[in-house]
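All chains are identified by letter, namely A, B, C and D, in their written order; residue positions are counted from 1 within each chain.
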Amino acid sequence: MAGNSFGTAFRISTFGESHGEGVGVIIDGVPPGLPISEEDIQPEMDRRKPGQSDLTTPRKESDTVIIQSGVFEGRATGTPLMIILHNTNTISSDYDDVKDKYRPGHADYTYQQKYGIRDWRGSGRASGRETAGRVAAGAIARKILSLQGIRIKAYTLAAAGITCENYVPEQIEKNPMRACDPVAAKKMVAVIESLKDRGNSAGGIIECRIEGVPPGLGEPVFDKLEADLGKAILSIGAVKGFEIGEGFKVADMFGSEHNDEMSENGFLTNHAGGITGGISTGQDIIFRAAVKPTASISALQHTVKMTGEEAEIRTEGRHDPIICPRIIPVMEAMAAIVLVDHLLRLGAQKSLQMS
Amino acid sequence: MAGNSFGTAFRISTFGESHGEGVGVIIDGVPPGLPISEEDIQPEMDRRKPGQSDLTTPRKESDTVIIQSGVFEGRATGTPLMIILHNTNTISSDYDDVKDKYRPGHADYTYQQKYGIRDWRGSGRASGRETAGRVAAGAIARKILSLQGIRIKAYTLAAAGITCENYVPEQIEKNPMRACDPVAAKKMVAVIESLKDRGNSAGGIIECRIEGVPPGLGEPVFDKLEADLGKAILSIGAVKGFEIGEGFKVADMFGSEHNDEMSENGFLTNHAGGITGGISTGQDIIFRAAVKPTASISALQHTVKMTGEEAEIRTEGRHDPIICPRIIPVMEAMAAIVLVDHLLRLGAQKSLQMS
Amino acid sequence: MAGNSFGTAFRISTFGESHGEGVGVIIDGVPPGLPISEEDIQPEMDRRKPGQSDLTTPRKESDTVIIQSGVFEGRATGTPLMIILHNTNTISSDYDDVKDKYRPGHADYTYQQKYGIRDWRGSGRASGRETAGRVAAGAIARKILSLQGIRIKAYTLAAAGITCENYVPEQIEKNPMRACDPVAAKKMVAVIESLKDRGNSAGGIIECRIEGVPPGLGEPVFDKLEADLGKAILSIGAVKGFEIGEGFKVADMFGSEHNDEMSENGFLTNHAGGITGGISTGQDIIFRAAVKPTASISALQHTVKMTGEEAEIRTEGRHDPIICPRIIPVMEAMAAIVLVDHLLRLGAQKSLQMS
Amino acid sequence: MAGNSFGTAFRISTFGESHGEGVGVIIDGVPPGLPISEEDIQPEMDRRKPGQSDLTTPRKESDTVIIQSGVFEGRATGTPLMIILHNTNTISSDYDDVKDKYRPGHADYTYQQKYGIRDWRGSGRASGRETAGRVAAGAIARKILSLQGIRIKAYTLAAAGITCENYVPEQIEKNPMRACDPVAAKKMVAVIESLKDRGNSAGGIIECRIEGVPPGLGEPVFDKLEADLGKAILSIGAVKGFEIGEGFKVADMFGSEHNDEMSENGFLTNHAGGITGGISTGQDIIFRAAVKPTASISALQHTVKMTGEEAEIRTEGRHDPIICPRIIPVMEAMAAIVLVDHLLRLGAQKSLQMS
């Protein structure tokens, strides 16, 4: 049943598989008049694409965006944007071995169980390639947000057992881990390169800060802002956890520590992470996500064939030993999409509000 | 803008405020023919209600469920169930002090900013009282699941700095913390009673296990099962984090450790928590949620008035020093609602499937 | 599967059956600050209720509205309104004969086929009684619209073979047919009273005019304003047709006749009925709906029992020989709900528009 | 705000403008395993394309469908199908005159009012070209239906003042009007060719029959089958009316005439048009739609410029003097989409039903 759309007032619908004709997205609800060109989107695609460093797969993806509709004379018309990225450099024969075996940690088994059929070439729809459409839509969303003074910045907070100790925002895009601490970044790179040599992979934690958020975003009770952010982030393939503000640390805190007190100048702290009662407070929104180690490893693993027979498998091919650096633009994109959706919903409310 | 409904094929819409006439829910999509009576729902309400132990507010809520529609001669007819719980024992004067002050950690400030008006009596719509409707709907969902052999069990895993070391399921409902380890439970109670005496509160972590899940539940790519579970759980007031399987521990794991290998007899491990690629594997689903310390504490805190003037506040009245024991039935309810929704969606798919 | 909600930004969910505990509605998306009391709603309920004249069933329904949530100190808070009307004067024994027979023209057969169970008392959920919740929600919607200068007026245009020849708006609420022509109304009454005496019933056509509509309402391409109005009106039990502007007459018109030309002062004609390309033009919106003759007649008819055995049936009891006068407030309600929904959606768009 | 998607369980989202890069559709919810190729779709595109006869615009559109995703080794995988049709033969200079003038009967004025910007080339998104994506999706839906034994057949019932007197189904696709009566068809052609010579256009009525429908389709109360069909049909550009069964004729009928009585062998008549209480009866579904005369005529008309200044306009270029023959595949497509959606929804219900 239909499940490939996200959002209410600003809605994206993605399509495409790793080794099919291409991937892309329809974006419905783009504000009319917004100046848009492929140049607004391409830099975000480039941040997501493979081959940026030794830590990412050397697989080449052109990731050239083409806007097929919804823009006229350089501005959005209010009709849906369709953006497509044609697949190139797809080598299906890389995947001959997985055609009838289930790769551990991959969606091969569940897709087969659910659908009775699966496109086994490069994980098909379950590939990280699907997120290209999200990043393209996110670039549009980020442009809308930037005009409202809202900025989104995600970075690697921890990876391969190493945690950042400093927050140096201007260094984030300058190291291959997109870590917020250049010293920790170097250590991460060393560990991960060693893991890569041994055919293994690592996981990590991404943190995201959103600045310039107005108060009032979020719709109680089910469409709370953190609930929609959580769904958006948990819908990204490798994500296994989401927390906001103090997150899981709240288990060790007292009410007197966690409550954010106020003075004339506003909140004195931000333990809540910028959202209370499902509605933005006007403070920075801060959330974190857990990213599992890449499932594709070349170490030998036990598995079964589609026939049920036991087998062994090595996932050869070109894979990322850690996905954190490339998942960062995807998280920023999803967060941006949620915020634009809720900005429009707040706009609807305010248009008839009497108080 | 509308945000008080949850679900697609099985959809609940809640209404009501803490100190209004009552709270309740419309449940749309209940399978016709299902035997239903108030007796199916009342035990779940009783698990959620206050006054069950010294750890919960002594406030009395009748929480007597009344099914107003959708049932005929003891069976669901396929039309919507409306279930209402009338409010009783509401003492609005308890809240006179908060009428024009914002309580730290509460939604007072954000509701006022968003709506320009708020029902200040007992937190209004932002009260935990709102979850009564969810628990009533969850009782229906759980009955549907039990007929499919699916069981949901949540319990306190950690609270007030103490973590369970054993999993003793038959002890869960026998201790006031609903903790899975009776020894840890005793320690938790001691700490929390002491906190309560000092007008303070504690947070905790809830774990939830779902057994008997068939493979194939979940709709890629945005309505992944963990994404819908995450949204459901994060839409509960005090929740600040959600993780599935190994959750945030994945940051310290290798791919070779995290991947769940398979043999002829099925999966050898369950690090993924029962979901891969957004689709249930057929293993147990295991997730955890972080629950913040109750915001209502009687310790003196800094705040501001609606006028912007600085002030101090004590949240007097009858409050829970920890909300974990009472939030457990709410989490079970939300998880059950998500599962029934996805069972129906899978049923739709299978009805026309050709592979 | 869930189907009892309507609307996107302004969403209603109705519940209840003819002879159950009551009927009602949750309204989600009411603008905060709107002054609301039961007195805003009751007059609309009274226009819909039976027993207003010899042309409506003498069955008494109290139709007393109770607002259970969403209003605080006389104003909407932005949280959902739940409105309930308790059923009274329900005589289930009236329906003993239909318990195991299908009444011609009624939904008995289809509900039984679809659900395998049906509440046979007074048509259950398929009863016109269900529309009480819609009318209550419509009263709120109409109040919102009136503050924007938008007025909705429906009236009987034709019934029992007689068509109005004049449009005298101030006479509409003064005749039992709610016809726009008092002379035609008298003729209609005479024919219908005669039909009633013979145990028969009549159908008719309702026309609806909406004045004061701003341009820009409606969302291409599927949520065109006329498509949403059409769905809203066709979702009312007895409606068999919907047309806008010239409607079915367009089959006999040339493009040169149908096109609405413009001058400096605006449109010269309104053949389109106030909507072009799915978007309101700013002119009056004019639509019509066909209402079938009441299915409940006391004439003897052929039918079958649930067992499949042939039988005869007379639908005794208290029934309307024509439903037009009572369906008028329902149509106005549904039209109002569609307009508020689209006003909010336009408000969302305008809040971020750059052109 | 988002409005370019249709359907719940089977959902289509269209994109594209008349003179942009192309038009197309994402189809979400296609049953996995369904055999699909471009050859399933192309014949429907060919029925919709211009240039089929003297009655349709001689404009050439290649209308070559390309399936970009969702199909693997000739079968649907359960992931979304994206189908695109690239625009060719687009001559924007044809539209220079309409760049700053509003064409009567067109959406130029309302798009400009709503969005503050419009793609004036060939009506942009408001062009009939948008329906190509619907027809492509409809071809998939029709294939699904045909496997269930459900057939959809639409035809011209009346046009240019001439009404069919016979129903000769095998003649429908053999005359350029797609009329069900070959004698009437000839008369229609004669009148319309004469109109065309004078730069004018005509409207008509399409009737649609759906055979082989199982009972139980449709979800009370708002998603009644006729309400969803009505919305689907009214969302097609030129449609001004929708009626089911006897439609507007019910105004002249008695209850005793309109009620469909039953015998052991089923219903004795089908005045209701195959739907009662919003649910299919198992009989043929019969509906009709009113299609306005083509707005693009070369006769001189009054209008205004975007500046507000009065002007005259002739819509030169290549236009259909009647749109009925080409709108038929669009209506069949939309009806098919509604039916597949409701088949899936019924499948969901039945999967957990206990009665």
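Of note:
By definition in this document, contacts are C-beta pairs under 8 Å (C-beta built on N, C-alpha and C of every residue); 3 or more make two chains touch, one makes a residue touch a chain.
Protein names from UniProt, one per chain: A, B, C, D = Chorismate synthase.
Note that the structure is a prediction, hence the values are computed from the model and not measured.
Listed here as common contacts of chain C and chain D: A, B. In this structure, the chain pairs A-C and A-B differ in their number of contacting C-beta pairs, and the larger number is found at A-B. Averaged C-alpha coordinates put the centre of chain B at 38 Å from the centre of chain C.
Each chain gets a centre from the mean of its Cα atoms; for chain A and chain C, those two points are 45 Å apart. Chain A and chain B, compared by their mean Cα positions, are separated by 26 Å. Contacts with at least two other chains are made by residues 1-5, 8-9, 14, 29, 32-33, 75, 78-79, 111, 114-117, 125, 220, 344-346, 348-349, 353, 355 of chain D. By the touch criterion stated above, chain B contacts chain D in their complex at residues 8-9, 29, 31-35, 75, 78-79, 144, 147-148, 220, 340, 343-355.
Taken in their complex, chain A has these residues touching chain B: 1-6, 8-9, 14, 102, 104-107, 109-111, 113-117, 125-126, 130, 158-159, 161, 195, 200-205, 215-216, 218-224, 226-228, 230-232, 234-235, 237, 240-264, 268, 272-273, 275-282, 290-297, 299, 301-304, 308-310, 345-346, 348-349, 353, 355. Touching chain D in their complex are the following residues of chain A: 1-5, 7-11, 13-17, 20-24, 26, 28-29, 32-33, 66, 68-70, 72, 75-82, 84, 111, 114-119, 121, 124-125, 344, 348.
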